[in-house]
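First the structure, then my questions, so here it is.
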Amino acid sequence: MKWVLVAGVLALLALPAVLSSYALTLFILIFFYGFLGQAWNIVGGYAGQLSAGHAAFVGVGGYTATMLSIELGLTPWVGMLIGGVLAALLGAIIGYLGFRFGLRGFYFVLLTVAFAEICRVAVSNIDALGGPLGLYITFTGNPRQFQFQDGRVYYYIALALMLVATLTAWAIERRRFGIYLAAIREDEAAAEALGVNAFKYKMLAMVVSSFLTGLGGTFYAFYLFSLQPNTLFGIPLSVEIIIRPIVGGAGTLLGPILGSFILTPLAEISRLYLGQGGLHGAHLIAYGVLLIGVVLFLPEGVYPRLRRALARRSGQTR
Amino acid sequence: MTHRLTRRTFLETTAGGAAVLGFPLPLRAQPKTFKIGAIHPVTGALAEPGQACRLGAKMAVDAINAAGGVKGKGGIKLELLLGDTQTKPENGRVEAERVVTRGAQMLLGSFDSGSTNAMVSVAQQRRVPFLIDIAAADPITANVAQSVKAGQQKVQYVYRNFPTGSSFGRKAVQYFIEIFKEANVSPKRVVLMYCNDLFGQNQAHGFQAAHKTANPSWDIVEVIPWPEPPTDLSTEVSKAKAAKPDIIAPITRPASALLLFPEIRKQRIEMMGIVGPGSPGIYESGQIVQLKEDLEYVLTSVPWANFKNPKTATAAEEFRRRSGGKTFDTNSGYSYDAVFVIADILERATALDDPDAIVDAMKKTNYSSGLMQYGGPVAFNELGDNANAIPTMIQILSQKPVAVWPKEAALQKFVFPRPRA
Amino acid sequence: MDLTLVLQGVVSGLLFGGVYSLMAVGLTLIFGVMRVVNFAHGDMMVWGMYLAYVLATRAGIDPYASFLVCAAALFALGFVVQRGLVDRIVDAPHEMQILLMLGVALVLENVALVAFGPEPTRVRSPLASATLWLGPVFVDVARLVTFLVAVALTTALWAFLFRTDLGRTIRAAADNTYGALVVGTDVRRVYAVAFGVGAACVGAAGALVSPILPFQPPTGLSLSVASFNIVIIGGMGSLLGAFVGGLLVSLAESLGAVFLKPSLKELFSFSLLIVILLIRPAGLFGRRSA
Amino acid sequence: MSLLVARGLSKRFGGLHAVARLDMEIARGEMLGLIGPNGAGKTTVFNLLSGFLVPDAGDIVLDGHSIVGLPPHAICRLGLARTFQIVRPFPRMTVLENVRVGALARCPRAPEALARAREVVARVGLGPRERVAAGALTLADRKRLELARALATGPALLLLDEVMAGLNPTEIETIIQLIRAIHASGVSILLIEHNMRAVMALSQRIVVLSFGERIAEGAPAEIAHHPKVVEAYLGEEYVRAAPA
Amino acid sequence: MSALLRLDGVEAGYGDLTAIAGVSLEVRPGEAVALIGSNGAGKTTTLRAITGLLPLRAGRIEFEGTRLDGLGSARIVARGIAHVPEGRQLFPTLTVRDNLELGARAADRARRADGLELVFTLFPRLRERERQLAGTLSGGEQQMCAIGRGLMARPSLLLLDEPSLGLAPVMVKLIFETLQRVNQTGTTILLVEQNVPRALQLSHRGYVLENGRLVLDSTRASLLASPHVKQAYLGL
């Protein structure tokens, strides 16, 4: 398994040499959503706290880096970290309110949605942040401005982000932090009885998750060159963030990546083959049916099922 | 040159059917068509205008090909590679990359400013000339121009044949002043109401800024933005009424228009009339059927087709037929014209396989056969914008939208102030 | 401040609240009984609107009459969704239920897009243009009617739940599933009926507001979010809560529009939601579950 | 000195006085049984002691520190661990992983915790099943797991809530041996148990609760014949009707 | 006399736990039979198996000569078996009257008024509390309500699970006296109870369950004297 992963990473490193620019773009999105999904996975998967407002962190991170770059000329490489910190601060506020007041399950879901919506409406009404028109970034191709003439650089940055998030998740998973998160997700009261300070660890998970997600905001901004409150803080982006890890298997290390490798190309394929004809929307119907199918036939997500299937097969061959 | 050819060959080899991963396919024959990537939001929140744009572009391609293609280039035919942004910026980028990889030599699109700006980076990165048919945010072209000026980019590949947000505002204020003068009235109090989305805010800010500069005899006494799409506008209209307006200047989207105009009538506001700085879609037959008398005498400033051009009526009729009864308007019209502008550029370009040659031709554009109402020929200024792309003041008269201002565009005289019922 | 304007804001807010209440009543029933958060709620409402639209344009039936047909159609949809989908994943983790309902929402929205196209539309009804004047304050007749029907429908639903055997069985199953099994209830069927009734409510709501609320396929999402807000504020599972919550949210937004920039009015409902979540998570009329 | 002292502990639920002015003491190294008919308030006492419920009145002192109002995890770290009457394993984790959660309370580093967990797992006899998912264990093994997890937190005082319920005599016998061994290693134990044979055999002292109040206290032999106890369990009629 | 209810080698459990195995017993019409045993002995499981709330793994259950197993609780209840579960399992936010009426079988809806009258006669306290929410009742009243709900189905067999649990002695006395009347008016009773004397006072016969197996089947008198009973409860 380990060697398969290493080989996979090496293959991904070598891939740009043979990829078309379009394929490169798809991989960039796969990595980027894999990254966001992995960041979400820390609090939504491992800790089982279903945040459905993660777009807010992308928005805070993206707007921070962009404003700092436009207004103060600060390089987004630094702005990215500041954006991450501000996103983490917002994450801490949401987490504090949610966890201190004992909001579980769907109440927590709706708390996070409400916060993201408040951010969206607020930014839409702040002229200094561009209001609904948003911010537009000048394309310069200057690496100091987090811009690259060659699309492959974005590829490696997106890959690096995904790997960083995955390594973070991996490090968390094997440490006390991750073990405690899993215990909290499985049974919070039982975990408390075993000395787990559930509040503290849920807060930490939220902060780490929102920090990483905030970093993603900078990538989003400087890859797509504009920011609008509806796209960055909106519910559709939050949904994009959560469906990949859920489909892949929430709370597993490879689930978010697997989910992204499944859903991004499938969305693309369905758009390619069903989006050209007269039936505008057919591809999204297919996508919706696919999501329903995953829930009905793979209710734990793809990765756990795959892992079991592999284990069974290797068991048989032996 | 050789270098570029190799690059093109490389693109071709990786194009085509292996759409998703782009693994190499057998080399295709030399293209017999000139491919244009036409990317619009045909699903999602902006599906309605996006679908109109797509159809407008398709119609133009059909017309050009039926007339023998790009004659100066051996009658090469145009082919559209269609893309759907789903109203998401990231798909603007993905789709642009996809169509370019599949051989698109120019880009066209994409209605919403976010997706459009995402396409800009592809155009600049991969040196693909990009003609923006619709997207009004000023910075889209200005940013590229600035980046070229600063030497960070060598060539500007992005041009726009559409009024910018600020020019919309300037023109609207100008028309207001002219119409009031022509009607010999002097309204004092204007209430600006707008949908607080990308489009509405852009228009409203342009209008307010132009009003400040022009400093006319009327004031904007109240500004009322609402969240778009709204569920209810009764309080907003009550607020407008409380400001005792002479004129209500609304900026609506099709959805909010359905709420706003009936509400204005129901609350019986005494005023000279409704004169909008921009409300796309209110002239659609569907909207007129819905709103009927609520729309009568409403004036609004929108990019409009030039029906003095005899070809326009034919195109409008074809569009009506192919769209299932919709009006040939801003969206379909500008996308239609954009394809013709591209054809004109291709006629003049020294080579079709050199993006820079296309850009050279683009910069020298002086096209005057457009179906839309322009203030002069299509030509691109130093920012890459067409300063002659202007809106027209139209009015709904006898349940039909009619161009009424500026004078050279007017098909009928406007009715203002509106008659009392 | 202009007193008339404030008064008008209150009247408009309360009347429009009828629309919100109607929307929320179905959602609260579904959540209250099955603890399922129906993310496709708004899309079901949009389907109610389109059905009313089709009936009005093809058969000339006014939405104030056709809403019953729309309710029946949505009942069937809700029944099938519960029986065929939700019921099959009762043991799956929570996030799967969210994913499932998101998938259903996506399908409903885009089938509507394919079937009806992207243009915003509205159903014409003679009522929709009528007004009444109480001195300087105007009353929109369509909203008044919607408000009254909302009261009537909420009352009818209340009567169904509290005065009929089936309604009582639904409440019993919501209250104590095991207890319901013990007395011999076919809980799966009862759940499907409850989901159907919830969907029927929102279908009726869709039809009833189709003359006053423009709609297009993507409208569903914002309707879902607004409904969640109201239901949490009023108390999940509480009919009265949904009704009062609808009025409250609408009133808050209307007065927000009076006193501040109207484009900020959504802030009021979301802030209200957060405050309620924190100080009274069960909502104004909800009971805190043990 | 007593390890744990509870004074005047009271808890009401609505109108029900679940625990009423209860005084209780556990000496260091003691094995104390807490018995009483169903609904007597035994589990409520556990929830109060372990911080899952906050008492309406009264004080709880563990090792000289008042622990009233502390959250469960803090109380656990002060050396009081508990099991749940209805076992609550983390079902998707393996046996070893379950126990490691407890072990981390003493060894913050995961590898050491794992070593400690392995040791505890072996001690309760689950060694051969350490890689099995907890959800797939038999009830007896789940009970053992529950015990192991609590034990791994390194408690001075262990609260066991019906660890024998639902087990067969052989299984009960091994659990009894296990509890004895744990006790012998220096852990004080408070035991709620319905299996009278076991509780009589294990406890040095027994406290009897009925309707939230302490009705008797003493050595097992005394308790078994205490009329109030027999009455609480079998009813006043039994005392009159049955031969002693 | 043929048995009203017959269990034959019944095995049932939860997940991988086998809670009862090889349980065979019978209840004859008009009888009151007690099922006693310590916690976790499998008494509740036996009742759940009879009502179809738990699928059988082996064995068969017959009621009035036809097989019940595999029918599902709705159909079993409709045949005339009412179950008054442990912990009462009332509907706390519904009124007492609603709770009671929910116990009536669909077919009996017409005769519901008679049923209510019967229950109110047996438990006058419930009549006073008719409009009150069940969740606000005292423990004893809740138990009355639960029994009443069971009786509303006009069952030929009434299953009772720990009706005395957590109740004060006075209330226990009242409940059992009422149950005796119910039994005397023709309703067969199978009772799970840990208050042994009470249980045996009511019952004609009893079974003792230990660790999922029946260890004793005997009459009231011999059970009272049996060391098994004391042993089961006090471990002596």
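By written order: A, B, C, D and E. Residues from 1 in each chain.
Note that in this section a contact is a pair of C-beta atoms (placed from the backbone, for glycine too) under 8 Å apart; a residue touches a chain by one contact, two chains touch by 3 or more.
Computed from a predicted structure; not experimentally measured.
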- Any chain that touches subunit E and subunit C: none
- In terms of CA centroids, furthest away from subunit A sits chain E
- Message: With centres defined by CA atoms only, which chain is the most remote from subunit C?
- Response: D
- Task: With chain centres taken as the means of their Cα atoms, state the distance from subunit A to subunit B in Å.
- Result: 34
- Task: Can you check how far apart subunit B and subunit E are, centre to centre, with Cα atoms defining each centre and the answer in Å?
- Result: 76
- Could you put a whole-Å number on the gap between the CA centroids of subunit B and subunit C? 37
- Message: Counting only Cα atoms for the centres, state how far subunit C is from subunit D in Å.
- Response: 49
- Query: Hey, what residues on subunit E touch two or more of the other chains?
  - Reply: none
- Query: By residue number and range, which residues of subunit D touch two or more other chains?
  - Reply: none
- Note on the structure: Residue numbers in subunit A touching two or more further chains are 121, 124-125, 236, 280-281, 284
- Message: Run through the chains and report each pair that touches.
- Response: A-B, A-C, A-D, B-C, C-E, D-E
- Please give the residue numbers of subunit C that touch subunit E in the complex, ascending. 165, 168-169, 171-172, 175-176, 178-186, 287
- Under the touch definition given earlier, write down the residues of subunit C that touch subunit A in their complex. 37, 85, 88-89, 91-100, 102-107, 109-111, 113-114, 118, 217, 221, 225, 228-229, 232, 261, 263-264, 266-267, 270-271, 273-274, 277-278, 281
- Residue ranges of subunit B touching subunit A (in the complex, touch as defined): 11, 14-15, 19-24, 42-43, 47, 51, 82, 84, 86, 88-90, 92-94, 97-98, 100-102, 113-114, 117-118, 120-121, 124-126, 137, 139-140, 143-144, 146-147, 150, 152-153, 165, 196-198, 200-202, 205, 225, 227
- Query: Which residues, counting only subunit A, touch subunit D once they are in their complex?
  - Reply: 174-176, 179-180, 182-183, 186-187, 189-198
- Enumerate the contact residues on subunit D facing subunit E in the complex. 15-16, 37-39, 136-139, 162, 165-169, 194-200, 211, 224, 230, 233-238, 241-243
